[in-house]
Amino acid sequence: MSRELLTGNAAAAWGARLADVDYVPAFPITPQTEIIETLARWYEGGEAPGRLVMLESEHSMVTAAAAAAATGVRVFSATSSQGLLYAMEMIYAVPGWRAPFVLVNVSRALATPITLEPDHSDVLAARDSGFLQIHCANCQEVLDSILIAYRLAEHARVRLPAIVNLDGFYLSFTREPVKIPAAAEARAFLPPFAPGEVEFRASKPVSRAVAALGSSPYSYFRYQTHLAALEALGAYEEVARDFERRFGRWHPAVECYRSEDAEVAFLMIGAFSTKARDAVDRLREKGVAAGLVRPRLLRPFPQAALRSALLGRRAVAVVDQNLSMGSGGVLAGELASALYGCRGAPMIARFVGGLGGRDITAEEFEAMATEARAAAETGEAPAPRLLYTAAELREVRKLQAIALAGPREAGGRS
Amino acid sequence: MSEALQPRPIRSLKDFPSEHLLAGGTPMCAGCGGLQVLHEVNDVLGANTVFVNAAGCMTLLASYPYTPFRGSWLYTSMASAPAGAQGVRDALDILIARKRLAPEEDLRAVVLTGDGSAYGMGLSATSAAIERGLDFLYLCYDNEGYGNTGQQASGATPHGARTATSTRGHGGAKKDLFAIWAAHRPAYAATVIGSEPLDLAKKVQKAAALKGPRLILALAPCPPGWDFDARDTVEIGRLAVKTGLWPLREYENGRIAHTRVPHPRVPVEEYLARQGRFRHLFEPRRDEEAIAAIQAEVDAYWRAIG
Amino acid sequence: MFRVRFHGRGGQGAKTASQILSSALFLEGFEVQDAPRYGAERRGAAMFAYVRAARAPIQERGVIARPDLVVAIDDTLATMPAAAVLQGVAQDTVVLIQSAEPAEAWRPRLNAPCELLVLAPPPGAAAQAEAPFGGVRCAGAAARLLGVVGRASLERALEAELAGLGERLIEQNRAHALAGFDALAPHAGRVRGDAPRAAEAPPDWIAVPLDDAAIAAPDIHATGTSAASPTGLWRVLRPVIDYEHCKRCVWVCGTYCPDSAIRAGEDGRPNIDYDHCKGCMVCVTVCPPHAIHAVPEREAA
């Protein structure tokens, strides 16, 4: 074990290296590209025994990844944003193959307009695909979660592909101290891939991923994927406990920070949740019983853990760094469905923020806590709020003035 | 391994096996020119094959729990079958290199695709697989339209053919997929047709012995899509060759050779008039200009060959 | 409500028949619903199309479990279990079969618990691979059996549904539809359309168990299982080998047959696998000594 400064991308590459992956189909996209460049350098220099192949698109990349996994090798790949969406047909198709592999997604906001900055709309578009999802808050978690994700994905009762998600920029390009486990320790935790029946070989002909035109087999196969994903809840606990035993780091399905006795809790995923921790401490200093509840595991959805963390709290401020057009934040809806009808369910205050990499300030966390508590006081759910200030709108107006000035100067056709 | 799974060399039509690898009971249409090619190719290649399928008519060949295959099959998508072949091939290579798989367990990766994918949605994935030098066979059954959805115009639809989306005759022109492949300088490329099984067998055997990207592009007469009686599948196929509309050719070592030079060439109208998709060229009155234009294009092709 | 099912083979016009009937009922002021139902099967395979018609808006959806009228456009389907022509037939259902044989011949064969009528096919159709105009003929006959569709509505519906075909073909189709309409005149209004909705058992829901991933993916580990699909049922013409003239060059017919349905027997003679031969007749055209003949299935069987 060593402790080194690594970016989130480097931590992801280390995770793949320590997982001893055989095969990496790849395609570049900012802010993910460093991951595949790092692996390519290691493989070409003989530092690690893997094989990286450049595909011509993410759609092909995910196809090749699943096909290789279905042939019995351990596969890793990485993408981001538009790339994940370009692959979406296969993201939804391959979980049903029951061939496990790990895909890292470096979250980046979606077009339109195009941007390089992060939010979680990309990975949440894959929410219902059958991929398991683990969301990371720091660079150490990125490395650790990849090893955990392989154990989980390859678990005999699960057998599904998994996405490990990290925020672009705030993790991908940010260096932090990361403990890198020794290769032997990693191998003891994650033994070589045992493909079982999942293989193509001459002596065992098989027709795979075939059509099922009747609704009975169709419903059955789709539901099996769902049941396997649910099974990953128990399997995750088992795997995370083993990880803690070996490496001393506990990565629960749902992280609860000072939430046991909290009056108001933040609920969010990803890198900004460390800012929420900070806010919790400051609120506590001011005498407000605040806490943080952070699902690391988003699929399967840890409903029971969320209930046990949040029932009895007075209010929860959900911070959604994503936007479901015409509905609002995705996590708020997910949480509401988990808590609905339960005795002691908290008031839910919905906030959308951090879109396109927008910062969320300490003051905003405090203000969100205040609004959530006030809502609990009145018993009336507040209208969903976008974290957006008057100064930001003034900035946009200035930009609009420039963008719209052109035709007026060119001849006053307006 | 039984004899049926182990192909024997085919030097004459008599050498074609009298037992077939592909089982009956498939949902393909009666008289399907594509199924005819697949069963011939499968008999030549043997069972140690994984067909990586692109969405098309043949998607439904394997439909739970029924499969006609003695070997393996993987359904992928319309756009990415060559990438599926890449994943399978690379994984097998890795397993064999690391001694996790015995070499006799190896399989041949064969993309199975219709023209809709091959000429259109899958072209980018195909081009990239060729440029990567992927060791795979690419078998395209070209029925000149999106047959599985009722024969809409595709990138392979010939000029003038009626389709579900070009009811007065297709305005575009058929792409030369063979030439597109040849421009990539692959290990091998050939055009074939099920109605010329010996020519097909020689080319498939040649392709099977090579490594790298290899194309087998089969014109697949389609009774419902082209609107002719299923019994005429072979006759229509033979006419496609005899008229010179479907040149039987191969690319190897940078050179293109024709394996059949029709002489004298049968007038194209004998081929066109047999198919409902060209009926508007003959009824209610003959469209001399359109027929002559199709003939002129064929003549120009063969004149250029010399 | 009238609930009508048309059974045919892919390509025989069952869908068109359902649409013409539905349109005609619509013109008569009915609320209607029509839809075809087919799976992966292609031309020649059994399929069906259905029509619902009522004076009030129709809330039912999906296939008709309890029909008032069942029409078999192709009589070879009537006894084919896979075609399920008699599915859900009850005492007050009327079954109409387009057949050259009389109703008396069909009654013992089908042993159906209901009225059985026969519509004579178009002249000369028996020898054809696909009876042309059989579908529109049945549409006309069905319209008459319901007794609520006038001649003018039938004609207008046909013209609207076949608008793309051109005048000559529409005229021929009209003649056949009206022939069907007239042929069933003695039975006008025989279908009452007041049958109750078919009651089903209460749901026997279960909690689906999590299965091992090895069996819980749509993977087929057995090989050649498609042989269990009797695609020979698609056939309306049967290739029959005249072994006196057969030269035993099985590599010819066996190679060209798209469906792998011709193999060499122990004596070296080609054998046709009628369970899977779809009746394309390619073998008939390629046989060097012309020793394979096309025989209508109903004569050969």
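Labels for the chains are A, B and C, by order of writing; each one numbers its residues from 1.
Here is the rule we use: contacts are C-beta pairs under 8 Å (C-beta built on N, C-alpha and C of every residue); 3 or more make two chains touch, one makes a residue touch a chain.
What you see is a predicted model; the values in this text were computed from it and never measured.
Set against the C-alpha centre of chain C, every other chain centre is closer than that of A. The central chain here, found by comparing per-chain C-alpha centres with the mean of all protein C-alpha atoms, is B.
Centroid to centroid, with C-alpha atoms defining each point, chain A and chain C lie 52 Å apart. Inter-chain spacing, taken between the CA centroids of chain A and chain B, is 43 Å. Chain geometry summary: the mean Cα position of chain B and that of chain C are 32 Å apart. Of all residues in chain C, those touching 2 or more other chains are 39-40, 218, 220, 223, listed in ascending order. In chain A, the residues touching two or more other chains are 205-213, 217.
Those residues of chain B in touch with two or more other chains are numbered 60, 62-64, 67, 69-71.
On chain A, the positions that touch chain B within their shared complex are 22-23, 25, 51, 53-57, 59-61, 63-73, 75, 89-90, 93, 200-203, 205-213, 217. Across the interface of their complex, chain A is touched by residues 39-40, 208-214, 216-221, 223 of chain C. Those residues of chain B that touch chain C in the complex are listed here as 13-16, 18-33, 35-36, 39-40, 43, 60-71, 194-195, 197, 223-224, 229-235.
Against chain A, in their complex, chain B makes its touches with residues 47-48, 50, 52, 59-60, 62-64, 67, 69-77, 79-88, 90-92, 94-95, 98, 100-101, 104-107, 124-125, 127-128, 132.
On chain A, the positions that touch chain C within their shared complex are 96-98, 156-159, 196-198, 204-213, 217, 220-221, 223-225, 227-228, 230-231.
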